[in-house]
Amino acid sequence: MAIETTLTPAPLGTNPFDDDHLREECGVFGIYGSPDATAHTALGLHALQHRGQEAAGITAFDGEEFHTKRVLGQVADNFTSQGVIDSLPGHTAIGHVRYSTTGETVLRNCQPLFAEFASGGFAVAHNGNLTNAMHLRRSLVSRGSIFQSTSDTEVIIHLIATSHFRTLLDRVVDALRQVEGAYSLVSLTREGLIGVRDPLGVRPLVLGKLDGAYILCSETCALDIIGADYVRDVEPGEVIVITENGIESQNPFPEQSPRPCVFEHVYFARPDSFLDGQSVYEVRKRIGAELAKENPVEADVVVPVPDSGTPAAIGYAQASGLPFELGIIRNHYVGRTFIEPSDQIRHFGVKLKHNANRWHLDGRRVILVDDSIVRGTTSMKIVTMMREAGAREVHMRIASPPTAHSCFYGVDTPERAKLLAAKMDVESMCQHIGADSLAFLSINGLYRAAGQGDGRKTAKPAFCDACFTGDYPTFLTDLQEQEEKQSQLSLIANTGG
Amino acid sequence: MAIETTLTPAPLGTNPFDDDHLREECGVFGIYGSPDATAHTALGLHALQHRGQEAAGITAFDGEEFHTKRVLGQVADNFTSQGVIDSLPGHTAIGHVRYSTTGETVLRNCQPLFAEFASGGFAVAHNGNLTNAMHLRRSLVSRGSIFQSTSDTEVIIHLIATSHFRTLLDRVVDALRQVEGAYSLVSLTREGLIGVRDPLGVRPLVLGKLDGAYILCSETCALDIIGADYVRDVEPGEVIVITENGIESQNPFPEQSPRPCVFEHVYFARPDSFLDGQSVYEVRKRIGAELAKENPVEADVVVPVPDSGTPAAIGYAQASGLPFELGIIRNHYVGRTFIEPSDQIRHFGVKLKHNANRWHLDGRRVILVDDSIVRGTTSMKIVTMMREAGAREVHMRIASPPTAHSCFYGVDTPERAKLLAAKMDVESMCQHIGADSLAFLSINGLYRAAGQGDGRKTAKPAFCDACFTGDYPTFLTDLQEQEEKQSQLSLIANTGG
Amino acid sequence: MAIETTLTPAPLGTNPFDDDHLREECGVFGIYGSPDATAHTALGLHALQHRGQEAAGITAFDGEEFHTKRVLGQVADNFTSQGVIDSLPGHTAIGHVRYSTTGETVLRNCQPLFAEFASGGFAVAHNGNLTNAMHLRRSLVSRGSIFQSTSDTEVIIHLIATSHFRTLLDRVVDALRQVEGAYSLVSLTREGLIGVRDPLGVRPLVLGKLDGAYILCSETCALDIIGADYVRDVEPGEVIVITENGIESQNPFPEQSPRPCVFEHVYFARPDSFLDGQSVYEVRKRIGAELAKENPVEADVVVPVPDSGTPAAIGYAQASGLPFELGIIRNHYVGRTFIEPSDQIRHFGVKLKHNANRWHLDGRRVILVDDSIVRGTTSMKIVTMMREAGAREVHMRIASPPTAHSCFYGVDTPERAKLLAAKMDVESMCQHIGADSLAFLSINGLYRAAGQGDGRKTAKPAFCDACFTGDYPTFLTDLQEQEEKQSQLSLIANTGG
Amino acid sequence: MAIETTLTPAPLGTNPFDDDHLREECGVFGIYGSPDATAHTALGLHALQHRGQEAAGITAFDGEEFHTKRVLGQVADNFTSQGVIDSLPGHTAIGHVRYSTTGETVLRNCQPLFAEFASGGFAVAHNGNLTNAMHLRRSLVSRGSIFQSTSDTEVIIHLIATSHFRTLLDRVVDALRQVEGAYSLVSLTREGLIGVRDPLGVRPLVLGKLDGAYILCSETCALDIIGADYVRDVEPGEVIVITENGIESQNPFPEQSPRPCVFEHVYFARPDSFLDGQSVYEVRKRIGAELAKENPVEADVVVPVPDSGTPAAIGYAQASGLPFELGIIRNHYVGRTFIEPSDQIRHFGVKLKHNANRWHLDGRRVILVDDSIVRGTTSMKIVTMMREAGAREVHMRIASPPTAHSCFYGVDTPERAKLLAAKMDVESMCQHIGADSLAFLSINGLYRAAGQGDGRKTAKPAFCDACFTGDYPTFLTDLQEQEEKQSQLSLIANTGG
């Protein structure tokens, strides 16, 4: 393996969302036919910043050349000056925001990726994750392909470069037919914009319009910021090509029943976005109402864990008739991790972002509403914070089922052993976090809130819910090959011993 | 005048609060007797960051030397590394956060300021503003004092340096007896910590305790973050000296009736802080309830302008029985100003931070609750945003009286001519911002919500409310001298012509 | 074409050598078997910094992984901290310094380049230039290779990756048999170090030894700095492989008569280096003596143009019996280009680096000795500077023949139209620069000084001297194809019109 | 004491001169009446960079305001952009370059210093050092003056501010009459430029003219770079005032016999400068000739220690008839200190800058010429380098007498105990550095070379030569008070014990 020392300082950890969450790994944006293509892309990426806070990039095409700027850092800190916008000229552009685990955040893994094909330049931005990338990569390297990154997106590029089909579009389809996993892609060629959503539609992708320009992006909130109209969601398996001839669409993949990610509704998407026509905010309020129905408790006040628990807490309060109060106040200023002073100061970490609002807690029975529990570290601290502020009882209500399985489709999950729900039952979890009671929403309650009135149909679930159920909708080739290799190794070790 | 080109890049405008607000200009923190003095000060300043986002500084004393670090930028980005903490050793420290208008944000105006007196080093951090600083400065310069900054805090330092009293404490008191205006000071000497709150108590200052250490700081939220206990508010006119002999207190100023700033309750203070024993959050909820009582309107939903309008909106919703909904979603990622693309994109500025949540707005009658109106620019954009999202009616309710006068006591206000309420009556303002109705809280309603059941007593008001009433509780010497000079100039011009 | 906005500020132009010179484009260094491999490489590159001032890079191999750091900037500013050295662990390392024309100085063109082959990692650093790189590149891209840089070195890497030979060494030889031009390569594999010098030996490469470690580098001065012993020059066409089995050598190319670059003697190499066993300083002194013999003139003083003309001037002075004086004093502090103030200040540019030393010039007849004339801009300014300091006569003597042809072998030359000697005869050049007389060394004189007592043998010249004679020792495929394409275009244009 | 953590990274140690030298601490430049005042000042400071490499500053006055920029770093890296030049507008400017010992290089000690007096702004740049600064400072602080720096220049400013005289000029003279030591000052007021040279004229200051503008600067080389004419040296004790009324001059101090620093001739001044009408280069050549006469030795070659020993070596070679050769080659690329690899590499430090040129050393008897010996560390390494390159004999000749005393007049000298000549006689020094012979120039030889044909007159020496003779021409009040205090302390300690 090659390690290039990164040139840019590590990005500030200015993520206002809680560390103890699953994290969406990417957001994408593309626009065709706008005189402000790069400015619009920067704004759209800014609206998608919650989908990836650590790196950002834009590639623009001015009819002659492709111009790329990629940075470790946030959009608003790097793509706002006139100089930067002017350095990325053109009427067509794509962009990408990315979250990355520390060791890998070198710039060459940032996107859009660019390649010079015999047919001309090709840039691509990818949201999702392939489950057979390592397998394909080994094969490509043995035939002479040279990889510059560890990104699975580059696998797609080399598959296109070495495809034997003639037209670029055919080569793209040829490449995507070989990959497994989840992907929502936007790519930029000399001719125009190509958008693709994988056959299961795991990750979102929507189409919008602004005057004469077309937009492809991860969420509708990126349309709102530039004043564009929402046209429709890109369909699972759909390949959209936008050129000077307008929009063409095809679906070249074998038909499959769609499985969009249900966690987008629970936490990833912004509350002001719409997914497949449903308001995310409203789904979250309905989740809160389902939660109140499934798991009622006598209490004085409903308090959201800010900000991700707020819509569900409002739904819970309205359904239960209890008052909704801001019992936890967020500090809007966040930054690098502070030095830990002496041991006398407990729970200091969580206080950097949150403080108890004593007035409504002292002597009260509190229902805390959060969207999910991953490791449980934050929940424990917040329960303690409530008690120190005088809460008489603390009842934790979680707006999703227990998260017990890793995601392989473009979401950063801790290894399974670190997921609290993979290690404990609900009662143990309750003791662990120190609450008086703990309840999760049922999987059927979640499906109902998300618009599936009949709940989850086991034979044909309407969503990808693998993180809750372990029911993965694709092959997991790389994982399987790795496990086989390790079991062979241990076999050898065993027979060897 | 001398202009030193600043060395540090302009601070990111990462202020998540709205630009169209009055701004508190400073926060202060001091601690005596803690092995983690600097780490605690950094944490305390982080909790006070909302009182000044553009510069921060800490001075620590290790028994031998004073160590200072001051930066343009935020606490969490500059005072968190082990290296920085180690470079500021000692058991005693003071710190300062500061907001500054652009032209003046040179580092030498940042605090704590430090001077080497004949008696030894002296550092000071100041929240407030003097109204006779220019007058005193001219006199000092004519006697040979050399100023390094344009800060009025340096006037205090030179008054101390040239005082003819013998002990440092007497010199401090001698200096403060000569100044007019508002100040909450913490200062650091070889012997310990000195805290002073001006005789009117305009700006807040509280005393806390953590194990053996004493803390003086602007708000109680800075005690919470380090786990310290609140002891009491420092009294108006009180001088507190903390040394190895413990705490000593005196009040060396002529007695005056206190006039703490009422706008701290409306907007400046954090909702989780307590001012003079009252929960800021609860006062704001009571403000919302008063507002609902004074200015009811038929509507479907109560929507806060986030985040400053949220507690009042909750109070309004609870008092009126209308549902509280997050009709405006905040983007947590903010940064430098984006390039303005072509004119086709309207209201793009406000969309960087806010987006309408259509679901609860479309076809509804909306009550928007905000804390205040300064220039009115944001209000206009948000009303438009509501209408574009489909709102049938938009009723704006403001959680304070019209802001019609400048503040000279340490709050950044636009010149009077730019205050919307100084130019228009309420009906014109309503038309200007495009709302269907607009109503402000009355001054008596505000006093009632802030705990003065009888409302405002004209002879002896319980607060400084000059920004609403124009009733300034101190002389304004510098302003008066400037106005006299200008009227003389125009007299000369007139007679000359 | 793709343009990546570079992340690093443009390197300071701290080149103390004159801008009006040909520039060597690269220096290389490799070491096998030293516990201080990276520290030694950094030192060696520092000694070779004159061969490329704008970028530097090191790749080290620690037995498991390859570690690379590449920067825009100088070695001494970037590879000296313990942190950097520690981030590049291993007993084997290669490094590269590079000069680049402005537009192309993006980091991805910097070296060493690295590729992950099926057989493992491969890093390479290259001094020289291929004359059929574009031709080969087009063919590779059409077969699916994706290029990351515009560097011709990457062509070599893709040729290796797609070679059908089995062993890595065979693939390297297969690749190099396809390229034309000049190259001295050091490359790093999991097994060890490979060094190659092209069949003509245009660019230098020497072998050294330090305790158990072997070194391959561009010049002997890089051996001196680490205290290593010079073993021998690598032979033209030689492939050296250094592994734990020691050194193996082969020469797999068709035999050709060597043509090392004669300009290394004139200017590129450091005066303390030895090339093919000859002291560069001594050759330059002999050049000065030849020059005095060929072009004597009555004068009072011999003055070098510092620092490149100094050894030849000493040689001239000793041969002519005239006194050698420092008539031009160099300012050692150089940096970015200064702002040009008003027109009243003439010749200000050259004065940033040089000042006349009036004492020995006023009223004297001065012989100025410089190594070469490229554009003539500096010569003109220096002659004027001499006259302004009072010189009675100024006689310019140049330590090489007129530079009238571009170099395609890794030397930065202006396009031919900008070479003064391509546009004018010697007499016109003399008038142009304003000297009283001007003389160049003859090509035979240069050969004699460089150890070829019989001068240049036209049939089989001992050096590459194409910049003086236009006699290029290899095919120039890319240039030819480009010229053919342009002549076809003009043919079309003509017939079309 | 107060320690402000510096904001700027430590300046690169890009000093090409040898570390083992005394160092001039400052250079000054001022210009009145030029439309390019700041650009000229930047160029002038660039030419004076050898007098102070670590900090630089310029203050310009545009008729309304004073503009200052001060940096840690070199002129050419910080004062060359159009933006910087434009930020310092005006027809009058002063500038300063400064060398500083590490701990104190905080920006606030950099110059020009600026103060706002009652009469208006005042900026000053100072070359020299006061010997009673601490004494005066204590008195000023006790009367209420607040110091911002540890610079003795600020003492002068406070003396001016608190002077009871009426006009600014009278206050300046009043202040300077109270100080002891060496100073060449340029200062900028609203009216114009004031230049002062102390009554002994220890540090140089010259007057120049360029069209209508007047220049005051440390050396004539700063006039050359902007094409200005040399008018005359400012006289010891002279106060020059340049305003719109032209030049006025006075000498308000008691008359004293001048004592300019002789070490300026030996090493500090640039060889292309003239001091009191004498060419520095020529004086150094005469020094070499005197040295050859006083201390001849049989040898084959004369080799300068570059670059400071070069003119003396040329003089030695011409006087002795021996050949002058560049036996030591300098690397022009210098930067931060490299990591020391393992012990096997000896003398690696000196090799970063120097390499032996073996050709003329191997088997030869070498005369090495250097300007001075301070600690002797470099001499030892260079002698070893000569021997390792094969030198048969190494004879060291030093172009000044033994440096045995500290300088208190603005030159950075090690404490006396570290001066080799303070600890050893010449024979021991010779053994210490490992030479075959060592000889210094006599003090009379130095005086003769510097134009005093009769040598040094003990009663009335023509130069300050305290570093050689210990004969200090002023009181040393601070040193004396410090020594008295310490002797009292040890007295107390003794009696106490």
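Note that the chains take the letters A, B, C and D in the order they are written out, and that residue 1 is the start of every chain.
Everything that follows uses one rule, which is that a residue touches a chain if its C-beta (ideal position, glycine included) is under 8 Å from a C-beta of that chain, and two chains touch if they have at least 3 such contacts.
Note that the structure is predicted; figures quoted are calculated from it, not measured.
J.: Which chain's mean C-alpha position is the greatest distance from subunit D's?
T.: Checked the centroid distances; the maximum from subunit D is A.
J.: Which chain pair is joined by more contacting C-beta pairs, A-C or A-B?
T.: A-B
J.: Between subunit A and subunit B, what is the separation of their C-alpha centroids in Å?
T.: 38
J.: Just the number, please: Cα centre separation of subunit A and subunit C in whole Å.
T.: 50
J.: Which residues of subunit C are in contact with two or more other chains?
T.: none
J.: With chains as vertices joined when they touch, what's the shape: line, ring, star, complete or other?
T.: Basically the chains close up into a ring.
J.: Please give the residue numbers of subunit B that touch subunit A in the complex, ascending.
T.: Those residues of subunit B that touch subunit A are 12, 14, 16-17, 35-36, 39-40, 42-43, 46-47, 49-50, 53, 74-77, 79-82, 85, 210-211, 221, 224-227, 270-272, 279, 281-282, 307, 310-311, 314, 318, 323-326, 329, 331-339, 341-342, 344-348, 351-352, 355-360.
J.: For subunit C, which residues are in contact with subunit A within the complex?
T.: It comes out as residues 1-5, 7-8, 65-71, 84, 87-88, 107, 114-118, 121, 141-148, 157-158, 161-163.
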